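As written, the chains take the letters A, B, C, D, E, F, G, H, I and J, and residue 1 is the first residue of each chain.
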């Protein structure tokens, strides 16, 4: 994955080391003891690791511990892509919001009341669904429901 | 749910009838025989129903069959909200893309190869996860993986 | 307050009745039993009232109870103004974000860790501070701190 | 806090020195004799320090006095983030404006008349509110009310 | 002056009455006892008149007093034109900002310190300067200097 | 004044020399024989100096004459700031246009006919108005009126 | 020419009358005594006619004289199309600016000095150039050169 | 002409050589045997020269022939300025499009039918018109008319 | 196909008549004697029909001949969708441009020289390619190559 | 083809080697065994090559095999141009979408049902059509039809 000038230097170092050692996010996540998506988010500086997680990751990648603060600091998140991403993989999520956003709001709020699904107390995972007509990507999001406060 | 001038007339009629009869998308979806999110998408003109589905829906809502073509026609999709939605419920999905988009791309393509998760051959469903620290919204997306063609 | 075409009809009705009866948000809030800012948010369809709150409000304004569902429904929030508001009162909040946003992030996260101040489990109130050099507007926001989840 | 290319060099130096010496904005503010948020604003070049404040700050950080003019010059403010910030912490303030902006205007102008809360003759402070359901962030803004002039 | 759909109805009524009676802003301003630019700002709902000013204006125009609240209410200001106006008269002010904005900042802050010229405690007037090479438009702005607060 | 990457190199050199020698635009303008705002505009490459003006300026700043062509060349103007500037000093001029633009158009064209105030055959100057309630910034613009041609 | 909702009503009336009577801008311009492009600009409310011109035009179109003020008033110009027009005919002028704008600036300023070609003291005319390889559109613009003022 | 970071390196080299040798586009165009505007377009990489033209140009400027491919390659055109240029000279062309675009379309299509003026099979030239009231810039565009194809 | 407020009235009438009579663009195109895509473009007012074509179309749809001028007039083209369309069918063409635009430019200009494929002297047709793995949409565009003119 | 700062380094290397060796995409594609457009897409990092394809390409260009991973990695696609490209060749495809997008949707969905043409399972090729009135560019796109899923 190349040519994204807004990607942090630490990310580039991690991707290089991962490629060199033939590692995968799936494998590294097992070592670190977390979800592969969360691990990739740490690598892109979209999440902050605990010192212990950072240490394990750097060790597995053969990178020096001096990089540890760059993985545990609280990053300025977002901003890795334009508002509407041009990359087709990323764009599909924008399209899903445009097409299924209001239907989701209607169904969720019908069941939960006026509020939102948290994107902070939130996890997202990926699974591969084998399918004779072509394998499917399954994405499971789980966010705490936050009801609006009346005061 | 009110004040969205880009929402089609047929949608407004359905929401009014649903409120009057005290129906829910969950209940209507059982009658129609489909997912509640898909049903809500039909009501927002983001999906086209089969004639049979449309007939059942109109009947349950007490609306005339003359509206049927408005539910089975192939709509111009999207455009119900600004590019970056201002509504907090909807915005969170934009935030998830900004923060977890590239990590998801990294993990999915590591497992599947160069390609995308289809947003067309695609389903999305909602579940309520009881949790002592506060109920959680679970959203499950499933899209066919489409590998890039080389030619 | 006039000429904002995106303002909902119910809002216009409430503002007219309030002007006619010489009521204030401060006074109405006491009747309804909530904060004046929350009440104004209900009137602009940025918050949903409980049925009891809605009934008290409509009664105080001399408006019919048939409008009640329009105050208790879960609204599509935001969108009453452009992304960067042109009105000078509103713009100042955008300016505060541009100038003091990152300093606030630095100070809050230093004290709380990686996370955000919720805008959902959130209250905001206004006070008048008498000051010989000119009265001051005091705005007090209180939002639950939400730490980022690691998974 | 990393990867924000628009952040001034002097800011980066201060953050590095602060991390190395294990200092906090809270602690530095006591040394300098000002609010932690104001101090952070000085560090981000969103506010200009007095020469005395600048000297104390540089001394505490172990940075040379030659940097003093960079802390006392009148900066071009704003521009550290996009118009609508992608970072979730920062975005919430945009959301608060979108949702509670007009209600705040209605309540403030009802009490003060036609005018604005100054963002220049303005202070903002942060407090931690302990709460059994989860600690809360309290943000207190205080700005001089400026009535519109008729001429 | 026509075809601006965002112009308030009250403005259209005033312009029609003014044209019919052959009045000018200069003449009306004398009757009302204020500056012509301020008066025009009241008519465009960019400023709020005192009840006395509003009464005099309506009387001079032959419009009913029932319109008075529309001239004294505190308007949502701005928004009469796009961010960068297409009209050549209006655009020139944008151009002046683009070309002379930073020079003005340098000269004003050199003389006054870190702060701004208020656009609230502010007046603007127009004069005609006779000039053999072609008459000149003289625009005089006067705004209170607001120094940034340190706290 | 720092951190504006679009500011030309020659501007940075001039600001540095001016600070080192403790000069002001007001003082330099007397030496060069022009208005301080015009001089600042030359320094920002928003105006082209005559060779004589450029020579005097460089001499006063102790800069080499080889920089002369950079002050006399015809620059590509504008572009030093975003379309809507984030800096509060600069933004106020945008706000003045949004709020008082159409009123100014109405008053000027009532007096002059269909046309514009030139931003080319144009001067702008700054004065300090002492005022017991706080000093005021006075900005005087003078532009040739250009009537629209009919052909 | 249809479907442009920003086109003024008076324009629509003129186009309808012109079509009904089988008139052309070329023919009408002879009657009115002006250039066809100027006449079309008057009809689109991009220019103001003299009372005499307006009277002749309305007479030729068989429209009532009560419309005269709508043709002589000073319009808010521009705004008939998006910033970058989608219509291919109109877009080509945007493309010409993108491709040949800086070359034109270099050549014009080399010959005239630092300044601009006025778009106010300006005429534009159209001719048909017969050409065996396909007729050509010739557009001739003539604008007064305005040198920048030094002050 | 300076400070435009999107201007290609080859352009900067040509401008420097031209200034050093005291050459003009008018003079160089005679040597190369083409129009000065076309020549300037070649220098800005908005047009591709023939090898012979490129050789003559480089020779006249005293630049090495190794730069020839940079003048004959087919460039990615446009992109030298923002969509709406901030420079006053360039902006006027945008203004002309906004004000006179639809009138031009009406007059051209009345004479030619449904189609466009080509911006590819296109020339543009500049002349100086002496005028006692001030010299005028004359710009002559000539583009092949392309009728829309029906199929 | 519904809910697109920018779609012309004549288009809505044609779609209604077509649905009522059970006609298709394929069938209508045979009657009119043109390509189905061109016919659909006429119906969307993106192309102008000849009087004969318009007459045949209206007759086949059972619509009155008084609508004929609305099909033969030269329309303002484009503008039926936002710059980046939200509808997934339409968006894919934007994606193709983003992904394959520069490769197409490289291959076409390698074969043809510096120039463009005309979008005016242009046809586009659709075919259905049967394929055991799923039918394919074949789109064939043919546009005259226009070489850039040197002058 | 020059001056596009977002173009990846590997692309620049390939273009340089291709120019030096006098190779064409057409010729290289034969060596690699794929379509010239696909090959150009690989070179622009808009498509990922197989290791075998990458090896053949590098060999033909005389580039080292160490570059192979840069051609086989899964790139972040798009983003080589602004949303609406300024280059005339590229813009025409945007124009085709604006003008013929909805007609294409109408014709394709009439034949295939509610769904889209895939831009992933997709090929695009270029041919030269000799034509006495001027050669034509023929572009053939073929994408799998993806019907919307109902669930």
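We adopt the following convention: a contact is a pair of C-beta atoms (placed from the backbone, for glycine too) under 8 Å apart; a residue touches a chain by one contact, two chains touch by 3 or more.
Computed from a predicted model, the values in this text were never measured in an experiment.
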Notebook entry, point to check: Considering G-J alongside E-F, which chain pair is linked by more C-beta pairs in contact?
Noted result: E-F
Checklist line | Selected from E-F, G-J or C-E, interface repeating H-J by over half of its contact pairs | finding: C-E
Note to self: Using Cα averages as centroids, what's the distance between chain C and chain D in whole Å?
What the structure shows: 23
Notebook entry, point to check: Rounded to the nearest whole Å, what is the centre-to-centre distance of chain A and chain J, using the mean of the C-alpha atoms as each centre?
Noted result: 29
Margin query: Can you list every residue of chain J that touches 2 or more other chains, as numbers and ranges?
Written below: 1, 38, 47, 74, 76-79, 84-91, 95, 98-99, 102, 105, 109, 115-116, 118-120, 122, 146
Checklist line | Complex contacts: residues of chain G adjacent to chain J | finding: 84, 86, 88, 91, 95, 98-99
Notebook entry, point to check: Which of the residues in chain D end up touching chain A in this complex?
Noted result: 1-5, 19, 82, 84-91
Check: Across the complex, what residues on chain E touch chain D?
Finding: 34-35, 38, 47-50, 53, 74, 76, 102, 105, 109, 113-116, 118, 120-123, 125, 146-151
Item checked: chain G contact footprint on chain H (complex, rising order) -> 1, 24-26, 36-38, 40-41, 43-44, 46-47, 77-81, 83-85, 87-90, 92-112, 115-119, 122, 124, 126, 128-129, 131, 133-146
Next item on the list: Quick one: which bits of chain C touch chain B in the complex? Just the residue numbers, please.
Entry: 6, 8, 10, 45, 69-70, 73-79, 83, 119-120
